[in-house]
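In order of appearance the chains are A, B, C, D, E, F, G and H, and numbering begins at 1 in each one.
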Amino acid sequence: GYAKPDVGRGVRQGVSEVIYGAGKTAAQIAGIMRELVRSGQERVIVTRLDPQKSDELRSLLMAQSLQMVTGYRYHALARMGTWGEPAAPGGHGYVLVACAGTSDLYCAEEAALTATMLGSEVRRAYDVGVAGIHRLLAQADLIQRASVIVAVAGMEGALASVIGGLAACPVIACPTSVGYGASLGGVSALLSMLNSCASGVSVVNIDNGFGAGYQASLINHVGR
Amino acid sequence: GYAKPDVGRGVRQGVSEVIYGAGKTAAQIAGIMRELVRSGQERVIVTRLDPQKSDELRSLLMAQSLQMVTGYRYHALARMGTWGEPAAPGGHGYVLVACAGTSDLYCAEEAALTATMLGSEVRRAYDVGVAGIHRLLAQADLIQRASVIVAVAGMEGALASVIGGLAACPVIACPTSVGYGASLGGVSALLSMLNSCASGVSVVNIDNGFGAGYQASLINHVGR
Amino acid sequence: GYAKPDVGRGVRQGVSEVIYGAGKTAAQIAGIMRELVRSGQERVIVTRLDPQKSDELRSLLMAQSLQMVTGYRYHALARMGTWGEPAAPGGHGYVLVACAGTSDLYCAEEAALTATMLGSEVRRAYDVGVAGIHRLLAQADLIQRASVIVAVAGMEGALASVIGGLAACPVIACPTSVGYGASLGGVSALLSMLNSCASGVSVVNIDNGFGAGYQASLINHVGR
Amino acid sequence: GYAKPDVGRGVRQGVSEVIYGAGKTAAQIAGIMRELVRSGQERVIVTRLDPQKSDELRSLLMAQSLQMVTGYRYHALARMGTWGEPAAPGGHGYVLVACAGTSDLYCAEEAALTATMLGSEVRRAYDVGVAGIHRLLAQADLIQRASVIVAVAGMEGALASVIGGLAACPVIACPTSVGYGASLGGVSALLSMLNSCASGVSVVNIDNGFGAGYQASLINHVGR
Amino acid sequence: GYAKPDVGRGVRQGVSEVIYGAGKTAAQIAGIMRELVRSGQERVIVTRLDPQKSDELRSLLMAQSLQMVTGYRYHALARMGTWGEPAAPGGHGYVLVACAGTSDLYCAEEAALTATMLGSEVRRAYDVGVAGIHRLLAQADLIQRASVIVAVAGMEGALASVIGGLAACPVIACPTSVGYGASLGGVSALLSMLNSCASGVSVVNIDNGFGAGYQASLINHVGR
Amino acid sequence: GYAKPDVGRGVRQGVSEVIYGAGKTAAQIAGIMRELVRSGQERVIVTRLDPQKSDELRSLLMAQSLQMVTGYRYHALARMGTWGEPAAPGGHGYVLVACAGTSDLYCAEEAALTATMLGSEVRRAYDVGVAGIHRLLAQADLIQRASVIVAVAGMEGALASVIGGLAACPVIACPTSVGYGASLGGVSALLSMLNSCASGVSVVNIDNGFGAGYQASLINHVGR
Amino acid sequence: GYAKPDVGRGVRQGVSEVIYGAGKTAAQIAGIMRELVRSGQERVIVTRLDPQKSDELRSLLMAQSLQMVTGYRYHALARMGTWGEPAAPGGHGYVLVACAGTSDLYCAEEAALTATMLGSEVRRAYDVGVAGIHRLLAQADLIQRASVIVAVAGMEGALASVIGGLAACPVIACPTSVGYGASLGGVSALLSMLNSCASGVSVVNIDNGFGAGYQASLINHVGR
Amino acid sequence: GYAKPDVGRGVRQGVSEVIYGAGKTAAQIAGIMRELVRSGQERVIVTRLDPQKSDELRSLLMAQSLQMVTGYRYHALARMGTWGEPAAPGGHGYVLVACAGTSDLYCAEEAALTATMLGSEVRRAYDVGVAGIHRLLAQADLIQRASVIVAVAGMEGALASVIGGLAACPVIACPTSVGYGASLGGVSALLSMLNSCASGVSVVNIDNGFGAGYQASLINHVGR
């Protein structure tokens, strides 16, 4: 077929192939999953998968084999499907995923689940936006002992800077499209994070929780 | 001449005319100042005035009269010239001017001096950017007892949100053009402030310390 | 749960917690409302609530208790739900809410209702856009005697500047997304208001009637 | 040479060729002027000409002939050079050129001089920005009796809308680059004018006083 | 009610009130129409009216009176409703409405119908885009004898410049949102038209056929 | 050293290495030129070279050898330096370089000289902007018989569409930064060209005459 | 009718008329197709045609004549309809269409089918995005022997640069709207391609597979 | 004074304070350096320091003490000043700094020197832009064995994606402002990097070599 799944990447990059579910049919996804599992991958991640498509996918996996369907799990909040168990935790410490508001959860969970699947212990600090700074300061300990932090926020994205100033470890900032008007679909948060006056902050694309979790887990395994 | 200085505004708006010095010659400024003083204004503010133009202006005021030149003062950091004494403080409390970094001082001082001239007591909390949040928290008392706060910051502009969350009073956020690359000449800080997740924050134009100080002083006098 | 409602904010910021309804289910909103009331808040505001979700919310409040449902009210034009009575008016004077056209009413009413709930007397001057300046001038008295003014406008947003020139009090400008083409979803009005040549104008996010009403009421209570 | 001056345009468009001086040397301008005069044009306009280049140009015209140099005149405020007398006024009425602040004069004068050269009677209403609306209303008569109006303004560009609402004739709005920060080099004023809620307003490029004056004069001669 | 229809505008601006139908219910439109007719207006224009809302409006007018419903007419291509007959043609000559492609017809017809209602003779030159320049040149005569031209185009908007070069009369350029990708919803065409290298071109908002037709008719009546 | 000149590219891409002179010192350029010539290249092109740097470069080449300095030539209008003779013309036909105004010459000449050096016969049609369409139509023959056309224009960039409609061959559109205000440094022309309604038009970066000439010459040699 | 199909273009531009299906009804398309075939065109292309509209179109062609309906074919992936057989291949060599991911197929196929219809042999290299560079390098031979290459990619659009560096022939880069967040609907890929550091790359509009295929086929026939 | 150097940060963040030299005088920098050294910091970094200011700074340090001036070193390419020796290398492996062209060296060196000072072994792969992919592939080994990579590139910024695909470790992408026209001062490269289709890539601000080197070194020390 047209698609050339990159089955060697698990080896070359240390982690397995990930399927971007947004523009694909359930049938296409099922096909790629089978090919990946056949080629020896122990786990598969599908991102941007809505519940309907997941149901369809589950039926198709059922038709493939019992092994395929029993290994499959859907995660509604993170809008992700996974196959296989998370890799055994093997990083330096834990990845902390922090988010500003309850509206950012979809993206924070995408990051958290991705890092978990890739073999990182994950802790969470949710709803700690800077407008009520005491909520964030109450987590200072959790922040200072992390190996790497994912900071997820929409609107003005100030969370990344404040966490960046509190933490000694690398911070991966992930802007979300949460907001309206001058939030410009997440561009304001993105710009804010790129201009962070704190050192040790780098940024991924708007709503790219997957990318943030992936990078965080890579960092958590550096030198391993 | 072409200019129509609005001598009635001192009455109508409660404060005197302000001269935007950027596109004007020293001679034009001197002329408008004389007209304003003649019409009975007790004080004059000139913004965006560089040192050279101020020197020239001083010579021209000297040529006008002793009264004109002795009343004149230049404020290098704020890049402003003033004539006459500040109005007697008459607001509800004090205006707090906070800024994120030393690079934002030009704008913070423009706000502080404007509010002072318009009859507000002004206090300052400078270099309290969010990347070292303890510096800001050390000022919590000063923040919580203010009548109105001007928050000046460039780069990611997160200061406004954090102060907005700590304060009970109105916050006037003033973005600066400090930064580079994705700061887009202050647009990132501006967007960040407009999207503040804290309530009680409103925003003025990039580098408009004058406008922020003016609005803060108006607020400090509401109901007076 | 994930959400950390900030029950102390009523004290710290002088006003009670506000629920942003846009991304939340009726069940989530009902849950937060109960928690806020239990913690002693006397009134609750829910913004960006459409009629269907409000109906659902009402049923859920009914199931909670009689007190919860009888205290609840829906405001269609403002797209807001409120629980409890408005705080007793205690500001310096009245908040004037002005808007340019009938299409801006949704946002103007959000501002007006917010300020009312927070204990400000509110007056209205609607459909006074600058293209027929006599309609605005007919309200000159109302404008000049206000304690603070909220100016709501879409398209070119010129209303804020003209009101800013007429008024002696602080003006909070609120751009709306009303318009098409080069209005860029409210960005034109926003930029226009930020560049206002009138002093004493500060700006909130596009369509943020809530923020404008909140800031106006804070200002109306400065020093109280 | 490379340039192909369009000597037939005087006939085809009813007005003579205009030289955009910005990217050209004095020698190039002098050459094109000679060619235009030789081909029978009675007047020539050079825009965006700074004083130095004008001096140089005058010397070159002197070297060409007495007729060339005596017909030449430089207009510092409008930054324009003209050769020949203005066409005899032949329009329906007068073109009113209005501008918001003294900083906009360069552009207003470019419009006024262009319309004058093309045979329109021109009247001026300068420094009538909307922040002090009484200054504008004092000119209501002049506005209502005009044949066509050029409205020149920077910053928020609200002047066009207010004039558009007062006038019965076509309004040509010309944004200027006056302002800073969120004025985005005139883009804010431009957007504001394009979104004008008044009917009968059309817009030219930022700082294009020439284009505004040209269009106004064309309109003033419609049907002639 | 909230709306303040400006019944004096027919006199002050020489033309009657126009209703922007986009954000209004059929009931609101019917109410404003009745008020306008009662106050003596001879004709009413409703823009941005879709067929369903027009049907509803017709029923409501029927309920008002026979006079109201018989005077009403819907124009599908222009998405407009009109009440009353067009004003008797009284301009200097004809308004030419030109458009680039068949996709631009909705906007061209809005301009044409507006100008007709306001008492201008209108001629049309449709599907004359510049990619097949002979189609446009075939209309050279129609172009050169017009009193004023409306040039409607999306995509790259080059039509305005080419017509501007051919015509001796004022050209009102109206960009449309036709296109995709880098057309940016009409912004490309808008920018193109604002930068036209032809003189005598001014521009209205994207898809603002109404504004273009209104301005064209005003121009056609200058001095009348 | 740090630079890795790609001496194999002459073979791999069929044309020799080109030096982007903008950010380099004369010494760096002289060094790279020597390396290229030593490795057997028969000609070298340096773009974006100002006269001063060229003079310095000439002195350095003189110090290298007689062969280096005698092969060197500076082209002021195109702001380019060349070493060696143009490749012998070997394309299918001629490359036509057209430009809209005399201000675009710097870019048109960069394209023309590049194509010449790469072995294409080049013809020119300059100052044929669309505002005076007869100047362009007068070149119809030259346009219709070309193998490939480079269309260079700033401001509204309409030239590319009109030529695209007249020509049967591929058109490479090159926007220039000529213009002001809403030309946005060439972005308007760029967008206009990307949205061309004519088929057979592709676009290069703003002011990238080199890229346009290179692509045109490649096309002229396709299949050779 | 309003539409003026350009039946002479087949001759003037060497290829037949193409119908942009997006804003047209099936009836309009059927009408234009008949007119084109009647005027002697041997093939017709309809772009941006969704399956439903194609079904409707087929019925209408059936009603026209047997010849019309039997010549018609729908291509789901490319979202195109064609009538008649592809022109006999007559170019210098083959057009290679490469795309980065499976999500870009719709656009790649539009390019491939267009070039095929216009008489070019087409080869494909799909799913060769740069993140797994070995997939692209595996096609080096196919790349180096092509006459012209169409490089289709969304997201960061890096494919065009890498192919541009590998190929000796002209590359037509076609950005797609595939991506989210900071991909800005394809603008990021577009900008990336315009800034390509490889020579011999020119760019068409976002998602304009038709334009890329058309230009590629024109190039493949240069001199024929 | 106004500045509040954060002497505790060396402890809290694991690395010492860094001075942003851009907006500061030599005297201010010298003062902050003294304060930092007195408070016990072993090394100081000053970024964005031009040669003139460095000379001045050296004189001022000389006046302070012998220890201050002998510890000072200026790095012209990186535009940085350092005081004290680099921290002893203590990371997991080496930081690889790669850049696309010689014009990006200023930024690559800023990253390399920062990481060195913070105790990371640094290796370099310069001038490996994707337009000549073999230069990059020749470094495959160096890429695959790195602990973390900084990828510096301007123009289209494709380097980050290609390296991201080759590497197994985290990649910090740093866009530069190198380019012209549609590079938009580095925004194109920035967007390109944010949209990277390779996993394991996060991004810092345009020209922020310091931030990239800092983040890389933090990552290289994770768990240490």
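Please note the rule applied: a residue touches a chain if its C-beta (ideal position, glycine included) is under 8 Å from a C-beta of that chain, and two chains touch if they have at least 3 such contacts.
Treat the numbers as computed from the prediction; the structure is a model and nothing was measured.
Undergrad: Going by the touch criterion stated earlier, list every chain that contacts chain B and also contacts chain G.
TA: Looking at chain G and chain B together, the chains touching each of them are A, H.
Undergrad: Report the inter-chain centroid distance for chain G and chain H in whole angstrom, where each centroid is the mean of the CA atoms.
TA: Between these chains, centre-to-centre, one finds 44 Å.
Undergrad: So the centre of each chain is just the mean of its C-alpha atoms; given that, what is the distance between chain E and chain G in Å?
TA: 36
Undergrad: In whole angstrom, what separates the CA-based centres of chain E and chain H?
TA: Between these chains, centre-to-centre, one finds 58 Å.
Undergrad: Give the residues of chain A that touch two or more other chains, as numbers and ranges in rising order.
TA: Residues 132, 181-183, 187, 190, 194-195, 199, 205 of chain A touch two or more partner chains.
Undergrad: Can you work out from the touch definition every pair of chains that touches here?
TA: Pairwise, the chains that meet the contact rule are A-B, A-C, A-G, A-H, B-C, B-D, B-H, C-D, C-E, D-E, D-F, E-F, E-G, F-G, F-H, G-H.
Undergrad: What part of chain C is in contact with chain E in the complex they form?
TA: 102-103, 105, 126-128, 132, 135, 178, 180-183
Undergrad: Residues of chain F touching chain E in their complex?
TA: 100-101, 129-133, 137, 155-158, 161-162, 164-166, 179, 181-184, 187-189, 191-199
Undergrad: Taking the complex as given, what residues does chain E use to touch chain D?
TA: Residues 12-15, 18, 91-93, 147-148, 167-170, 172, 190, 194-195, 199-205, 210-212, 214-215, 218-220, 222-223.
Undergrad: Which residues, counting only chain C, touch chain A once they are in their complex?
TA: Of all residues in chain C, those touching chain A are 2-4, 6, 9, 20, 22-24, 28, 175, 177, 185-187, 190, 205-208.
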